[in-house]
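Quick heads-up: structures coming right below.
Heads up, the next two complexes both have chain A, just with different partners, chain B and then chain C.
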Partner chain A sequence: MTSPSTTSTASRPVSGRRGRPRSSVRKRVEIGLFLAPAILLYLGFVVVPMLMAVFYSGFKWNGLEPLNNFVGLDNYQRALSDPVFRGAIWHNLVFILLSLVIQLPIGLGLALLVNRKMRGRSALRMILFAPYVLSEVVTAVAWLLILQPDGPVDVLMQKVGLGHYVQLWLADGNLVLYTLFVVITWKYIGFAIILFLAGLQGVPRELSEAASIDGAGPWQVTRHITLPLLGPTIRIWVFLSIIGSLQLFDLIWIMTLGGPANASNTMVTYIVQRGFQRSQFGYGSAVAVILFVISFAFALVYQRFVLRRDTEGATTRMVG
Partner chain B sequence: MTAPVTLELPPDAAPVTPVGPPRRRLSLGTPVTYVLAVVVSLFALAPLVYVLIGGFRTTGQLADRPLALPGPWEWSNYTDVLASGSFWRQAANSLLIAAVVTGLVVFTGALAAFALSRYDFRGRETIYNFFTIGLLFPAGVAILPLYLLLRNMNMLDTPWAVALPEAAFGLPVTIVILRPFMRNIPGELEDAAVIDGCSRFGFFWRILLPLSGPALITVGILAFVGSWNAYLLPFLLLSEPTQYTLPLGTAVFSSSYSSDTAKILAFTAVSMVPALVFFMLAQRRIIGGLTGAVKG
Partner chain C sequence: MRNVYKCGAALIGAALLLTACGGGSDDTAAADPNAKVELTWWHNAPDDPLKSYWQTLADEYTAKHPNVTFKVEPIQNEQIQTKITVALQSNNPPDIFQQWGGGDLATQVESGKVQDVTAATKDAVAAIGGSAAGWQVDGKQYGIPFSVGLVGFWYRTDLFKQAGIDAAPTTIEELNAAVTKLKAAKIQPISVGSKDKWPDAFYWGQFATRECGQSVLQKATKDIDFSDPCFLKAGQDLQTFLATQPFQNGFLGTPAQTGAGSASGLLANGKAAMELQGHWETGVVGGLTADKKQLGDKLGWFPFPTVPGGAGAPDAGFGGGDGFSCSVKAPPACADFLNFVLDVENQKKFGALNVGLPLTKGSETSVADPSLKTLLDFRNSASFVQLYFDKALPTSVGQALNDEIANMFAGKSTPEKILKAVSDAAANQ
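Entry: the complex of A and B
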């Protein structure tokens, strides 16, 4: 599957297929030369490490000793029955669900808002998008200080009379996921807005005008014209959001290290804890493979059942 | 997370047609709209402002009255950070790595996208799909073997240890953006070039690449920003403080000076600046690149 297809064309006789007269050997060499750097880079640092993870996952191994303690599927079994890992999967799932239920409506609402004619609209767009440009590290460090006990958030709440709602935002195991979700939303809502705004460009103005001439109110126009036409954009945002939620690491690692007591572990923080901090390279690799299988399975299902219509549209458009 | 989408966003999409209500509603909707806009802007900006201004206070002031303005303004946090040398070294490391990643991704990605868009050969779609699968890989999945691989190559604690994997992980989105762009460049141009005695590579280099300028800039910016902000790979592959990138340095700084809040705020503020400035300069490109990208 990986070898450049130059080899597969090599077995065929020189078929003077369409195109200008060019010797097929030469063409194959050219294709090979154009593709080689990218394929080598991609094989060497993405594909081969991934396959090595599959290989290592069969061993109990600390990364240093000889690789001879083959344990079969034991690591997978252990991972799937470890409550800490199950918790990590659950936390990823919580982030996915919260994103869909909370970020999607907020993002859509704000995009519709910013899409109106109003003063300072481009400034507003820039402001909303600024957090997205910052690294997760900067975001995490800033919020860590903002949320610290007796920090600005707590004091602000006391000042406006919400003092007894103050919590240990990051140290309370029941709360930490939701606190992190607020920070994640702060950082990533701008991306949703920009994406939806781009989608709104594709909604023809005539349609909504015609509808309002026919007596449709603003809500009806939004509900029956704008949102359906925004469908492809929304479906792509959902896809990106879910993949992103499955890969969460930086922000959580810096704010909580997956704690307190594993309450905010995600799959990737769990890989780093087990693989690097405890040098369980075989076991960590098994967890990594599970993460990949989950992402891949989700992507396949989503492509097949949700994105298919959009993709078909795109390919026919590309051909036509 | 910046992956597959195909939405053609005109890069100069400034004047947006309002989808919403006809004029009679405007008078009613506007005040609510503005209030909402202000509230949302405050939520987006407040943390940034807190960090920037907090850097001008002392840790004592911050502990006493977290919300107050600096009084008196304290410049030493910022001057210490800027004079320390570690900030500049980390920024230089980040810049070097991001530049290498950008160069590698754009160069190898453009070559591959050329072959995948303008040659007709068996297995072309297979190779293309093979690259697009990479959109799903978090670096976290391959990080353990990558670490071992780079350790065996004696490359840990070098800029290459971070740059090569980052470039490799950046290839999928690059190829997915560049291929349709290159495919849409008319075949007549290519015929004309060949008739004029241009080789395939000559066509690629002298005609196709210049024409692909906007798309190349977009993928270059995506690669640069991604690398500049990256944390996971530097965190696991660089342990020597002189090799730290800016995000890694920021994280380490915040945990090693955890009692000195004001210093951390100043350091964080300073390390926000390059990204924000870059964003202001390249705003349209970044937004266009993120939204006008790809489709799997």
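Entry: the complex of A and C
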């Protein structure tokens, strides 16, 4: 951040006395001009719809009739007591847990691997990152074809003698969540890798060299030098991953529509089913508000207790 | 800044759209039949051949009645549904608009937005028979259908022959026997697209149409009260039928119509012998065969079999269709135009387009496909056509019903739970 004094000195006229207030007015006008469009858009497309959702959530409303059936917190009570919605929240939690327990180690391992000097490194990086570039729709449709009964996966498994283990990947209510998690991992692991790779570039080589000279093995270097210095990157990834898991929609909607029998519903597929498909916009708004509160509360707590030391001085302390 | 410009453009675009929506005819109903009137007409066919057909129909009507002109506005199907509801609340609703009947129509009639055309369309309605019932509320005609189709079993005649089945099943026992024979011949008996849920709902709806009489069905959908024991029996019938495991491997994840692996794709490619589907099936199957050709006489149709002791008439159909209504302030020319739509010659031309099934007696000859003809014969002699339950009921209730039926297909529901889902949704409406 540039301090105000440097800029004003540069632009201050020689006479000086009336220059300072004028330039500060001008500065404010400039800031206002530059920020106004963004703020207007933010207010119009983020804040206002959010407040409207809170407002609508108090009504029983099919989206078209006049808003006259105020039911207070009834919609919230209905949502929280609906086993299908509770199931959807649980599925989101499962995705969060699996991401942290499985994607994090895989992502870290692969990032450390492609960070080493070796043949075909850029090709490998490209291959690992490619799925992330695909749109969710393309990913979902491709995997639908791959996973359909007697599709490529089943045939491959039969060919290599694993035919016994072939499952109804997307049609089995007990399995569908994990199948989807594999697809999600396939798609998003590239993002984790690219983030960790960028973080690894910030780890000074001298430190690991010095450690090696002091007799630290590769594992010790990784454990005591690389990982701690990668901490901020990992913490940001965890944040993005959890928020992403809470908002899962496109891929699941295309692959299973939340089925079979709600076994793969997430909070957002539930909103679409109950809000739009059943034309219950008041109720759908209430569920959307619940999702917002969960995400927002998590974001605040995480910022406050986990990300604070990484961002201190940048966002938490405004100077000036 | 580029985003700002884009957004500005979007806002201006949105404003233009809003003004565009505001246009329409003035609502002074002319008492003088020869006074000049302009009819605004919203229909859901933005693509040919139907788009041109409707325009031609409007032009021909104007040629006969020079005082009546049309402003035809084709609107994409998913958009028109919400646009109509919004427009009906405004002071400028379209005079003629697309109408699917059932629960939506009942809501519109309740709020006094739709014209009663019982007297004006009496003769035309008489010529289309039982199908008109879906466009009635409390015995009065609030619109007319121009195309109605039925759900039924589409089957591969070649695979039936291969399995040694001589005649299409007419009772549920015969259907079960056919399933057993097909299984013995290593042919997948029935395909179903359970991922999409609505194909599941067809089964429950058909069992209900076989178990319950016409008056019970009509009262139940009107009052949203499914307490008659016949609905419980319908659920039990479905459960028993599911226990025979007639469906393809992994049917819970199978989509209805997209791709060769879909339920219709399996039928199209001879990997399943039957599918319970609507009248659009010939077209869908035609698009999913390897050579993109229709199956012709390899595809047959038979109505849903009867159940022992069922109170429903064996000739009762289950389906739905498209129609038009006049808004309450539309001039008299509107109702007269509805008669014109149902004119036998016009219905023949409509039938020849192969985008729907015409209704007026005498127009059947225009339908060429053999399996569609079977369907058409059954529909024309049907004593009554039960509208799809998710259409006949208010949206929130209909979808709740579909969801719970789908749960039963996944082995996670009971006949009682299906009925409870309906009453719960009705209470929360």
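The criterion applied here is as follows: the second predicted complex is superposed on the first by the 281 of 320 C-alpha atoms of A that agree within 3 Å, B and C clash if a C-alpha of one lies under 4 Å from a C-alpha of the other, contacts with A are read in each partner's own complex, and residues count from 1 in each chain.
FYI, a contact is a pair of C-beta atoms (placed from the backbone, for glycine too) under 8 Å apart; a residue touches a chain by one contact, two chains touch by 3 or more.
As the structure is a prediction and not an experimental result, all values here were calculated from the model.
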item	value
First, second, both or neither for A:62, with chain B first and chain C second	second
Contacts of A:240 with chain B and chain C, given as first, second, both or neither	first
First (chain B), second (chain C), both or neither touched by A:275	first
Partner chain in contact with A:151 - chain B first, chain C second, else both or neither	both
Which superposed partner A:37 touches (first chain B, second chain C, both, neither)	both
Greater residue coverage of chain A in the superposed arrangement, chain B or chain C	B
Touching partner for A:261 - first (chain B), second (chain C), both, neither	second
Footprint overlap on chain A, comparing chain B with chain C	37, 41, 63, 145, 148, 150-151
Residue ranges of chain C in contact with chain A within the complex	1, 3-4, 7, 82, 85-86, 89, 194-197, 248-254, 259, 261, 395-396, 399-400, 403, 406-407, 409-413, 425, 428-429
In the complex, chain A residues that touch chain C	37, 41, 60, 62-64, 78, 145, 148-151, 168-173, 176, 256-257, 259-263, 273, 277-280, 283
Residue numbers on chain B that touch chain A, as the complex places them	1-10, 13-14, 16-22, 25-26, 29-30, 33-34, 36-37, 40-41, 43-45, 47-48, 50-51, 54, 63, 65-67, 104, 107-109, 111-112, 114-116, 119-124, 126-127, 130-131, 133-138, 140-149, 164-165, 167-169, 171-172, 175, 180, 183, 191, 194, 200-201, 204, 225, 228-232, 235-236, 247-248, 250-251, 254, 261, 264-265, 268, 271-272, 275-276, 278-280, 283, 286-287, 290-292, 295-296
Residues of chain A defined as touching chain B within the complex	1-2, 4-6, 8-9, 12, 17-20, 27-28, 30-31, 34-35, 37-39, 41-42, 44-46, 48-50, 52-53, 56, 63, 110, 112-118, 120-122, 124, 126-131, 133-138, 140-146, 148, 150-152, 154-156, 159, 186, 190-191, 194-195, 197-203, 205, 208-209, 212, 217-218, 221-222, 225-226, 232-233, 236, 239-240, 243-244, 246-247, 249-250, 253-254, 267-268, 271-272, 275-276, 281, 284-285, 288-289, 291-292, 295-296, 299, 303, 307, 310-311, 314, 318
